[in-house]
Amino acid sequence: MIKMQNVKKTYPNGVQALNGIDLQIDPGEFVYLVGQSGAGKSTFTKLIFREETATSGEIYVSGKDLTKMKRRDVPYLRREIGVVYQDFKLLPKMTIYENVAFALEVVEETPRNMRKRVMEVLDQVGLKNKARFIPDELSGGEQQRVAIARAIANYPKLLIADEPTGNLDPDTSWEIMKILEEINASGTTIIMATHSKEIVNTIKRRVIAIEDGLIVRDQHRGDYGYEA
Amino acid sequence: MIKMQNVKKTYPNGVQALNGIDLQIDPGEFVYLVGQSGAGKSTFTKLIFREETATSGEIYVSGKDLTKMKRRDVPYLRREIGVVYQDFKLLPKMTIYENVAFALEVVEETPRNMRKRVMEVLDQVGLKNKARFIPDELSGGEQQRVAIARAIANYPKLLIADEPTGNLDPDTSWEIMKILEEINASGTTIIMATHSKEIVNTIKRRVIAIEDGLIVRDQHRGDYGYEA
Amino acid sequence: MKLRTLKRHFREGFKNSWRNSWMTIASIGAVTTTLILVATFLVLLLNINHIADSLENDVEIKVLVDLTATEEEREAIGEELESMSIIETVVFSSREQELENLKSSLGEDGDVFGIFDDQENPLDDAYIVKLTDPQQTVPVAEEIATIPKVSEVNYGEDFVQDLFNFNNYARNIGLVLIIALVFTAIFLISNTIKITIFARRKEIEIMKLVGATNWFIRWPFFVEGLLLGILGSVIPIAALVTGYYYLDQNIETVNQFDFITLLPFSPFVWQVSGLILLIGAVIGIWGSVMSVRKFLKV
Amino acid sequence: MKLRTLKRHFREGFKNSWRNSWMTIASIGAVTTTLILVATFLVLLLNINHIADSLENDVEIKVLVDLTATEEEREAIGEELESMSIIETVVFSSREQELENLKSSLGEDGDVFGIFDDQENPLDDAYIVKLTDPQQTVPVAEEIATIPKVSEVNYGEDFVQDLFNFNNYARNIGLVLIIALVFTAIFLISNTIKITIFARRKEIEIMKLVGATNWFIRWPFFVEGLLLGILGSVIPIAALVTGYYYLDQNIETVNQFDFITLLPFSPFVWQVSGLILLIGAVIGIWGSVMSVRKFLKV
């Protein structure tokens, strides 16, 4: 699914966020990305759906070479990837419904299927009754769940979730994790950056630990590993 | 410090976020605010520094009656309160340094004291070396720490922290908690909305649990209470 | 693109105008104001041009026939004049008529000519000639002067030359002004649209991140720009039509100069209205689509 | 407010213009364009007014003295005229001079007068009078007509009346246009500023939440507006000065109408420049501070 070879990323301001990542993630895997604040987790995920481009190294995502990808092909890459952004990135003028629907409009889904699917995912994250609200009228956790709903709406082959439970209480977090596990079971590859020791240590999956832009640990059925 | 009597808040769109809060918080207390996503925690905090006004009921903050407060007195109330916003609310065009300094410029601090204090708090949250960056160039957790630095810069009498560790790894979270405890020890009242069971159960303080806009539990040296 | 997607883009364009109502109103305000400016000056300058034209059309050439000319020679001159394609009308005026004209044009002073009788009349027979293109007066007058037995050709040299020069200056200045004004309008409108879209760059970025193609994002902006241009043209056109109608109805009661006549209401007003609408729509679309461009590189 | 806070506000105002450089450039563009428009039409209309004035100043009243008047009576008329405060100059012109003038004004046709000798001269002695305020020509002429032994008062009634009417129309239309244009400029500039500040409303809200008073937020916007207005006036003023200088230097070589004279370069250009700068600065400040207002209610 994803293959990286000696990937480095230096931001224009000189910060070296990634210092040489070698990695392979197979289709259907569930991967936790852990590491301290500023370690490079978000940067790593941004490279995959090409919000950022690597400074050097090679990246393949579902067989496509991202370093050689033309700009006009990028939207088609992104349609195969669902992303829950750390800062949500909801469209502020659109309602919750419209926000989620947008991901389906983009692929020219039929209106009938779209309505059905949007209400389905909003129901899954427990926000069916807030479909007509705009993001500013939601609490932090509710916005985060909208972001999750949008990411899974289009049955992506790959789901990237950047800190998807950061603003959620434990109960809701576990519900979200259940959804992610279901999606994963149906074949979707999942990469989840998280700080939740509890989740990582309870639902055991592959853990990739990043420190200062380098992979310091890559462990199947690993645990969070940092102790307070 | 804070006294609320039968406080209700209904948002313009009809959502009843708070349904009658009675509460007293004494100076120097450290209060956790827990509750499910959308329970009303952020709404509760917004009433205290008057980002929102109550629909009915009475609110007193350090002796001032907020329901009768004139609009032009609000800035002076806010200067006594440091707030870590759930969505950070950093000024995007200003550098980290300028963001933190702004809270001191507002009270017309001398340039010399300002420089000293800003670098001091940035050092406390571990971001001294990123003072010249703008918020967009920081990771999620780094932005959150800037928000914390800004909130404590002006030695507030009351610190309101809305989910201040949501984007932080456990190590960094504990460091932040240490800072908050120190501030609390020096006399600052702290109200912290959080979803972190681990923190609440480890550093035992007063816990106020909100559910559907009502206080369902108010317990000194309580624990998080929700089980997964 | 599927038809339902096109429909979606139009619906979205309208919705966006509504969602950003504050910005939409500000943009429409800018379009309206600039187009009113353009319309006003367009009307003004086209009418000044029209007045200049009608002043020039009053210019005539007086061809004096030599006293020694026979009747045949005199008529030959008339025929020669009629045969010139650039000449529109030729009117004969006998020396007696000429004397009458001179007397009456001098008013009371003219009485001093009372002493002349027909034999002493010092004036010549004349042909009064008008041209299809009055701007050609000078060369045509020179050509007429070469016809045999034409003693003199008068057309108020100084005045006519001044008139043409002045009118040509006025026309050129007017043309420069109106072109400059249209470019100013284009700049101001697209500048305003640019700012409103700049304020929405984050949204455009998010759309791109969710997998929208550039055209998918552009289309609603295209519709929005069109809407902006059309809505922004409504008031200018309404003001133009009613204003010009009012002017047209009342010009005679206030106008004390018979050389000032307005261009007829129809079709003039409709042509200018069409132009205004076209300018509004084209700049609206162009401004929107161009401004979106630079935020699509995500 | 402490002095260092004022300094901070100025520094912050400059910084903000720099931070929002894209918006600042767009706003300056709008200010520049509109002020160029205002400057152009101000120059145009003030000069048209100037030309109208000088045309009116050419108007003179010819007072004809009755043939039966004695030399004393004739001089009495002259003195009477001199004594009128509204009359600027009085020039005497004898009947012989009058005949010469008539002859030469008629050109070749004037030769027919060659047959008159001095005794037969049908014309009168005359006084040529100019007024301090030419607009008063008609009533003054009527008053002069009541002086004894004045046989006739001429001032080209039809032409003068037409000229004054026409000039007054032109002046009024010009005044309306320039006022409308200034208001348009005010609207367009403040509209643009409003949009740019609207795009920054979140920032203003955050500042309020951090404890800033309204004035603390307003001040840098005040400075920014001032800067915007001043920077936006630079190009219009430069264009005005060089353009008018060029025009002033070259007007004689292209100008074939002696009645067209431009207002002298100095102080006219400096006055208009000052006005442009004032308009820019005032609208800049006003637009900024007003637009901030509605976002301060947090």
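We call the chains A, B, C and D, going by the order they appear; numbering starts again at 1 in every chain.
The rule is short, and it goes like this: a residue touches a chain if its C-beta (ideal position, glycine included) is under 8 Å from a C-beta of that chain, and two chains touch if they have at least 3 such contacts.
Going by UniProt, the chains are A, B = Cell division ATP-binding protein FtsE; C, D = Cell division protein FtsX.
Keep in mind that what you see is a predicted model, and the values were worked out from it rather than measured.
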What chain lies farthest away from subunit D (Cell division protein FtsX) once each centre is taken as the mean of the Cα atoms?
A
Indicate the whole-number Å distance between the mean C-alpha point of subunit C (Cell division protein FtsX) and the mean C-alpha point of subunit D (Cell division protein FtsX).
25
So the centre of each chain is just the mean of its C-alpha atoms; given that, what is the distance between subunit A and subunit D (Cell division protein FtsX) in Å?
67
Subunit B and subunit D (Cell division protein FtsX) have mean C-alpha positions lying a whole-number Å distance apart equal to 62
How are the chains arranged in terms of who touches whom: line, ring, star, complete or other?
ring
Contacting chain pairs, sorted by label, are A-B, A-C, B-D, C-D
Which residues, counting only subunit A, touch subunit B once they are in their complex?
11, 13, 15, 34-38, 41-43, 86-87, 133, 137-142, 144-145, 162-163, 166-174, 195, 197-198, 224, 226, 228
Quick one: in the complex, what on subunit D (Cell division protein FtsX) touches subunit B?
1-2, 4-5, 8, 16, 19-20, 203, 206-214, 216, 297-298
Given the complex, residues on subunit A that touch subunit C (Cell division protein FtsX) span 49, 51, 71-72, 75-76, 78-79, 83, 85, 89-94, 102-103, 105-108, 110-111, 150
Which residues, counting only subunit D (Cell division protein FtsX), touch subunit C (Cell division protein FtsX) once they are in their complex?
22-23, 26-27, 29-30, 33-34, 36-37, 40, 102, 109, 111-113, 122, 161-162, 165-166, 177, 180-181, 184, 187-188, 191-192, 194-196, 198-199, 256-257
